[in-house]
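Each chain carries a letter (A, B, C and D) given by its place in the written order, and its residues are counted from 1.
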Amino acid sequence: MVKKFLNDPKNFVVEMLEGIIAAHPRQLAYVADDVHCIVKAGERQPNKVAIATGGGSGHLPLFLGYVGEGLLDGCAVGDVFQSPSAEQMLEVTKAIDAGAGVLYIYGNYSGDIINFDMAAEMADMEGIRVESVIAADDVASAPKGEEGKRRGVAGIFYVYKCAGAMAAEGGTLEEVKRIAEKACANVRTMGVALTPCIVPEVGTPGFEIGEDEMEIGMGIHGERGIRRGPLRTADEIIDEIMPQIVDDLPFVQGDEVSVLVNSLGATPKEELYILYRRVSQILGEKGIRVFNTYVGEFATSMEMAGASVSLFRLDDELKRLLCKPAHTPFFVQPQL
Amino acid sequence: MVKKFLNDPKNFVVEMLEGIIAAHPRQLAYVADDVHCIVKAGERQPNKVAIATGGGSGHLPLFLGYVGEGLLDGCAVGDVFQSPSAEQMLEVTKAIDAGAGVLYIYGNYSGDIINFDMAAEMADMEGIRVESVIAADDVASAPKGEEGKRRGVAGIFYVYKCAGAMAAEGGTLEEVKRIAEKACANVRTMGVALTPCIVPEVGTPGFEIGEDEMEIGMGIHGERGIRRGPLRTADEIIDEIMPQIVDDLPFVQGDEVSVLVNSLGATPKEELYILYRRVSQILGEKGIRVFNTYVGEFATSMEMAGASVSLFRLDDELKRLLCKPAHTPFFVQPQL
Amino acid sequence: MNALDVDAVKSILTRLKQVMDDERDRLIELDQAIGDGDLGLAMTKAFTAAAEEADASEETLPGKLLMRAGMVIAKAAPSTMGTLVATGFMRGGKAVGEAEAIGPGELAAFWRAFVDGIMQRGKTQLGNKTIVDSLHPAAEALEEAAAAGKSLAEALADAAAAARKGNEAAKMMQSQHGRAAVFRDQTIGKEDGGAYVGVLLIEAFAAQAAG
Amino acid sequence: MNALDVDAVKSILTRLKQVMDDERDRLIELDQAIGDGDLGLAMTKAFTAAAEEADASEETLPGKLLMRAGMVIAKAAPSTMGTLVATGFMRGGKAVGEAEAIGPGELAAFWRAFVDGIMQRGKTQLGNKTIVDSLHPAAEALEEAAAAGKSLAEALADAAAAARKGNEAAKMMQSQHGRAAVFRDQTIGKEDGGAYVGVLLIEAFAAQAAG
């Protein structure tokens, strides 16, 4: 049984988008008469590099939730867990380009890649310079050495944040792209799922997780992870995933990091903080300093219970950009 | 089966609080060597009226999540769904008093009232001026005419916000209390629950909601609501609860309101926006203008699926205070 | 034994821990029906703390120990019932004063102060389907028994009977306070967890005096 | 009938809608095993749109209609498979050019361009357990059949057999792309949903030619 607030499941995405636009008319708008083509409301800032993202629905605040001041300029929104179309991406691209080019930042999923590539070709034909950076931070999804095969998950937040700040500062397309790539290179994530989630149009979970099981490394669309096993304690779970994150980059003694503890949807903040407690103990033991912490919903799978931990290694440049203010309907940060 | 990230359930609250303090050391601290006694970190602002709240755990960001710049100064935290003790409230009161008195703002629950009353008596003996304002915004919990019996739910956010802004502006204890009472008088809330939630120490849901049922008007501790019935569509649910909110104050044509659509925990943002879409249509039909909208988790019951809608009627004074910036680890708002 | 000395009070508090542990699930059930279901948790916490205090305490006066019990209960179990019971023990202990042992007269004073404290703190009175509805008749029974010169055991047997009767009568009342109030006439016919706690408290004293 | 005119293409597209509706659950299942389970949704959306386009279209040239089908599929089903199939129809339709009807030669050109388009857009080749593994052999079979002067029906029967064989062979391959890639050797032995879609596409053409 689907315990969801829904009308006709077929209209799930459109009604959600209509609700978002209705709720935040001063901050968000749409173009091409298509509510899937979300852009920042108001005037374009001339010659600012524009940043677009896109991806399937069901991950709020991903992806459109990062459109706003100090972050992104536009987002093409797909159906639940489905890429938006190349044409929708192109419409967003045309609407946000302010003459300085457009950077696409999105997650490493083949549907998105294929469509963004198609959109970039089409934009090129319209004389818009487009570059792309693909986030692939999920260490559970492919081993070291095959980073290119990894999924993009919650760590993309850091890529948006730093690239968005660089674009707001007036960076060129090359500079903004360099920052986005640098952020990608310095972020690693791993997650644990406790329950599946339901795609409204399908109506039943796409997979099962046993009553007393968890899946380490599961992806945000329910892609299988590294290991399925009995549910363990919060501390044991963190003890299992932290080494895989830390050793991957690797993060070493003396590093300074920002930490993101992300709920996959149903997991309440109380539990995220119980998880973070152990994360901070481990980082303390390893001599890795925590600059700041984000705890909450940053990349979800609707009502999936579960969480992910991301570490983002800072240097002076990334830290400066991370500290810049930002303001969207889903994420607000003052200057830190 | 409890699908939660937990260690020993007995340590749920303490570990959560340790995690919160570890995550936000620049913003939050605790006093009296008791992690349940949360205060804003840093120097007290001399002669600012201090505001304290308190209540049970399991409702994040309630209650401690509103301790921060432009909002509250301290919070006594209880066990899950349990009042903190009078002694803990007193410790917070002593720590935050800056000579201008302390206002208690909390929800209308007998355990909290009895303890806050006891704490106020004790504070009085220590020479600290204390006033209390009790939020009771849930229209489902008692009929019009018996407002004093109503539970306090998500609408308390508006009371905190306006009173916090008034205190930050340098208002006296009387002025801050007046604003808090005025905010209480202008806010109404009603919710719907789809699933129960589990108190970690109990381990099983305290009540059941049938596989295809919902409960209109359920409280944030699972208190029974107005009506239990088959799950309806999102629009039908909003069509049922909106008149009860609107007619209660009543909100009338020409009024300007702020709207809060709150997740009780597991319900994802996607669904909140589907609900808001219908709320905004109804308000539009009634000629009630929406000044701004908050959508997300503001008062939860851990992993309960469900949502509530609050309407807050604005006049120039409340609007000015609502627009003021605020900054806590759980809630950030720029000047609107 | 016609009076409770400090050791007797200690064993009452230890007995109450056991009683609340045994009754935990029942109290949860009663509170779930017309409240939030936490009463069993609150009472086990309250009396675990009180029993520990009794065990560790070097207090020699029973009244003082009862006050201390109230103070640790206030800390350990700050729910409605926890804080009310804590208030009761603090006020009752104060009423016992410096007495070396609690005879029928002191006991009546203890429970009178206990129930008055609860009524003041809870802003309530008889008839609102609360703990007051079992404890108030019990306090009256103790006063009558003391006036009639009954033994401690007899007085407490009367009080326990009065508490049980009060608890029975409360079933037909409608809750006016707290979470139960919202159920209004649905609470009629159901047992109030708090009134039942009142019975358990008096019965623990009675069992000590009897045994 | 040794060539497909615009009406034949229309009925192929209509037939494909029916096929995808019928196969929806099977495609979901295959994609759930080594992907994300949305393939059935994508394909029904894709061919519902294509069939509607076919129904409404006043296009008289089969190549143009196939291109239009690709364009509406791109909009309607922007998943990996949707966009790849869309690319295939657009490139294939272009290869057919202005031909009034699609004979064996045009058909070979269509499927060659179709599969080349997919390989380019998907940055892939034979052997990676994708739709290419069924369509590439099918395109080759069509080229051979055309060279050998076989009829359209014979050519498509060969192509369907080759596609089925390619799909069978793909079962033993290891996925290299998309969500399936993370399952690595667990994908070996399992059927690839995309390769199976390739079979369905060719079979729909074959059924039209046969019937």
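Here is the rule we use: contacts are C-beta pairs under 8 Å (C-beta built on N, C-alpha and C of every residue); 3 or more make two chains touch, one makes a residue touch a chain.
These figures come from a predicted structure and were not determined experimentally.
The chain with its Cα centre farthest from the Cα centre of chain B is D. Taking each chain's centre as the average of its CA atoms, chain B and chain C sit 33 Å apart. Averaged C-alpha coordinates put the centre of chain A at 29 Å from the centre of chain B. For this pair, chain A with chain C, the centres built from the Cα atoms lie 56 Å apart. Residue positions of chain C with contacts to 2 or more other chains are absent.
Among the residues of chain B, none is found touching two or more other chains. Under the stated contact rule, the graph of chain-to-chain touches is a line, running from one end chain to the other without closing. Of all possible chain pairings, those that touch are A-B, A-D, B-C. Those residues of chain A that touch chain B in the complex are listed here as 1, 3-8, 12, 15-20, 22-24, 57-58, 60-61, 194-195, 211-212, 231, 233-235, 237, 259, 261, 265-277, 280, 293, 295-297, 300, 302-303, 305, 307, 325, 327, 329-330, 332-334.
Considering their complex, residues 28, 32, 36-38, 41-42, 74-76, 78-80, 82-84, 87, 121-122, 177-179, 181-183 of chain C touch chain B.
Across the complex, chain B meets chain C through its residues 78-79, 81-88, 109-111, 114-115, 117-118, 141-142, 149, 151, 199, 201-202, 206-207, 219, 221-224.
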